[in-house]
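After this come two complexes, each holding chain A, first together with chain B and then together with chain C.
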Partner chain A sequence: MANIAEARIRREFKEVVKSEEVAKCHIKVELVNDNYTELRGEIIGPPDTAYDGGKFILEIKIPDTYPFNPPKVKFATKIWHPNISSVTGAICLDILKDQWAAAMTLRTVLLSLQALLATAEPNDPQDAVVAKQYKENQAIFLQTARHWTNVYAGGPHREQVLEQKVEQVKNMGFEEHRARVALSSANWDPERATESLLNS
Partner chain B sequence: MKVKLKSWTAVATWRWVANDDNCGICRMAFDGCCPDCKLPGDDCPLVWGECSHCFHIHCIVKWLNSQQVNQLCPMCRQDWKFKE
Partner chain C sequence: MSATDGEEAGGASGTSGSAESENAMFECNICLDTARDAVVSMCGHLFCWPCLHTWLETRPNRKTCPVCKAGISKEQVVPIYGRGSTDKKDPREKEMPPRPQGQRSEPEQQGAFPGFGFGDGGFHMSFGIGAFPFGIFASSFNFNNGRPGPPQPGSANHAEEQVLSKVFLFIAAIFMVWLLLA
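== the complex of A and B ==
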């Protein structure tokens, strides 16, 4: 890796480890390999949101041209959010694309992602299905996001009605995650969900 | 008693007068140099923008070259103009 990228990530890594937010357990970074090209981030879902208390893992890849180009970041933990793909974890956030600036750091990226969880931008979606639900049926969106946070990110808030529906579709012979995706996308209408599962 | 000086050695220190300790781009100390240089000093000088932010010249030039559309300060995102 180019010398500037590695030197900077080494410094930033120390900076995050020492930061106040880490002390308060809000964000975390770990090395995945020894040459500082891959890291594993972790953010805690912000309080008073559907992601409250969930632990979200991020895959961070540092390009050779860092910090002149942004790090490549995606969610490894499954999440229901208008700006994050529920399939791949890809993130739509301006600072990870054309609004990146060389003075930004791993710490500010993680804090920005945490802020994205608190304030979605449904008009600039990464996941059109989620964004549509967010705009048209906020209550169902919040329940769905809370349920995903509970199931995939270890969040404390259970949605028992939704759990029962997943169980119901699962008992028809569908894999659990596929059943959850179909139900989530069908605003939890079991008939529509099974129909889409049979047609796919 | 008379003292005769046979030789003397002068020592001086210097530092850049910057409004920060580190370059926001490479994060190295301003009193050091950018990661591509070996020695701090006139070969790796600092430059200021009109927005008052300061960087190693090698770092800001690389940043400006990597920007295709607008050339903005990496700190405050105002248009970057070198301060005369």
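== the complex of A and C ==
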């Protein structure tokens, strides 16, 4: 059965490489090892979203039973999104679970993930903290997501107020990423963030 | 087919020649290779039988078309017999049930007016209240109109109908007597 998986990935690989989305630099797939079981995907954050212009790297693992079971995909790039864990990069997306269908391909998976960035599903969250912020404080959520896109995915939009706050907490002796997570989770209230950092 | 069609056409139109894009029409939607032991679902999507069978076995409780997610089943696929198909053995075919047979229905007969007359046992008495001549017409013009024919003599149904017709005859007799006396 592993032969089917490999043969199919070979074909899909050609398909993705030739597809017009690649030509427009929207998605990309690369091989990580020679036996087609691990791949590295890349999607560009969709325009007019908080992820605009960011370059998000994905870890793709192809199971032996592919394409009858979905590939295992997670974000390697840190991202602030209700359906993606800000800690592990795990993705909550139906087509990567029970809604998978054997006719889907790497290309459709990457395009679906790109669509997920454009339309979050906060009622089926992977990261409860992010989902809560998304529902209760949309403006702060957008700023936070844009800031994370700028810092981790090379997005063009800087959030200088947030950067200063991270710097402030960092100067208190905390590691930068931890400081950013604490601030993001505390809706950028420095006091609550330092409190949570001290308690953890 | 429209979604994958678009993809395949888009994918094949790039660098490859026309031969490949022609074959893309007949690619299995699961293994993306030219379909072997091809079957087509009621929603029109083409698969290798071994591929589709494995897919249906993978999710026994949620059988949907891998392309359009319409409900499908092993029984409701049509095998495709091309002229040039050879019987090459595929290792995946081992322990795979044979693909379902095509359904052969009888060609429709046209022109002939089938079975008009008091022939083939299609006539049976029916008791009803109605004007006498129309009653005759009603019972003599309802041959072969889709109703099941009389049951075979000797079967349980047959015996039952015999009893019923006797009961009705009896009721009719009482009715007549009552009419005469009244």
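The working rule: the second predicted complex is superposed on the first by the 199 of 200 C-alpha atoms of A that agree within 3 Å, B and C clash if a C-alpha of one lies under 4 Å from a C-alpha of the other, contacts with A are read in each partner's own complex, and residues count from 1 in each chain.
Keep in mind that, in the parts below, a residue touches a chain if its C-beta (ideal position, glycine included) is under 8 Å from a C-beta of that chain, and two chains touch if they have at least 3 such contacts.
This is a predicted model, so every value here is computed, not measured.
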Combined model on chain A where chain B meets chain C, clash or fit: clash
First, second, both or neither for A:107, with chain B first and chain C second: second
First, second, both or neither for A:138, with chain B first and chain C second: neither
Touched partner set for A:35, first chain B, second chain C, both or neither: neither
Partner chain(s) touched by A:88 [first = chain B, second = chain C, both, neither]: neither
Touched partner set for A:164, first chain B, second chain C, both or neither: neither
Which partner, chain B or chain C, touches more chain A residues: C
Partner chain(s) touched by A:20 [first = chain B, second = chain C, both, neither]: second
Against chain B, colliding segment of chain C, chosen among 1-9, 55-63 or 109-117: 55-63
Residues of chain A contacting chain B in one complex and chain C in the other: 4, 7-8, 11-12, 65, 67-69, 98, 101-105
Interface residues, chain C side, partner chain A - complex: 4, 7, 10-11, 14-15, 29-33, 45, 51, 54-55, 58, 62, 64-67, 69, 92
Partner chain A, residues of chain B touching it in the complex: 24-28, 34-36, 59, 62-63, 66, 69, 72-75, 77
Contact set on chain A toward chain C in their complex: 4, 7-8, 11-12, 14-15, 18-20, 65, 67-69, 98, 101-105, 107
Chain A - residues contacting chain B, complex: 3-4, 7-8, 11-12, 65, 67-69, 98, 101-105
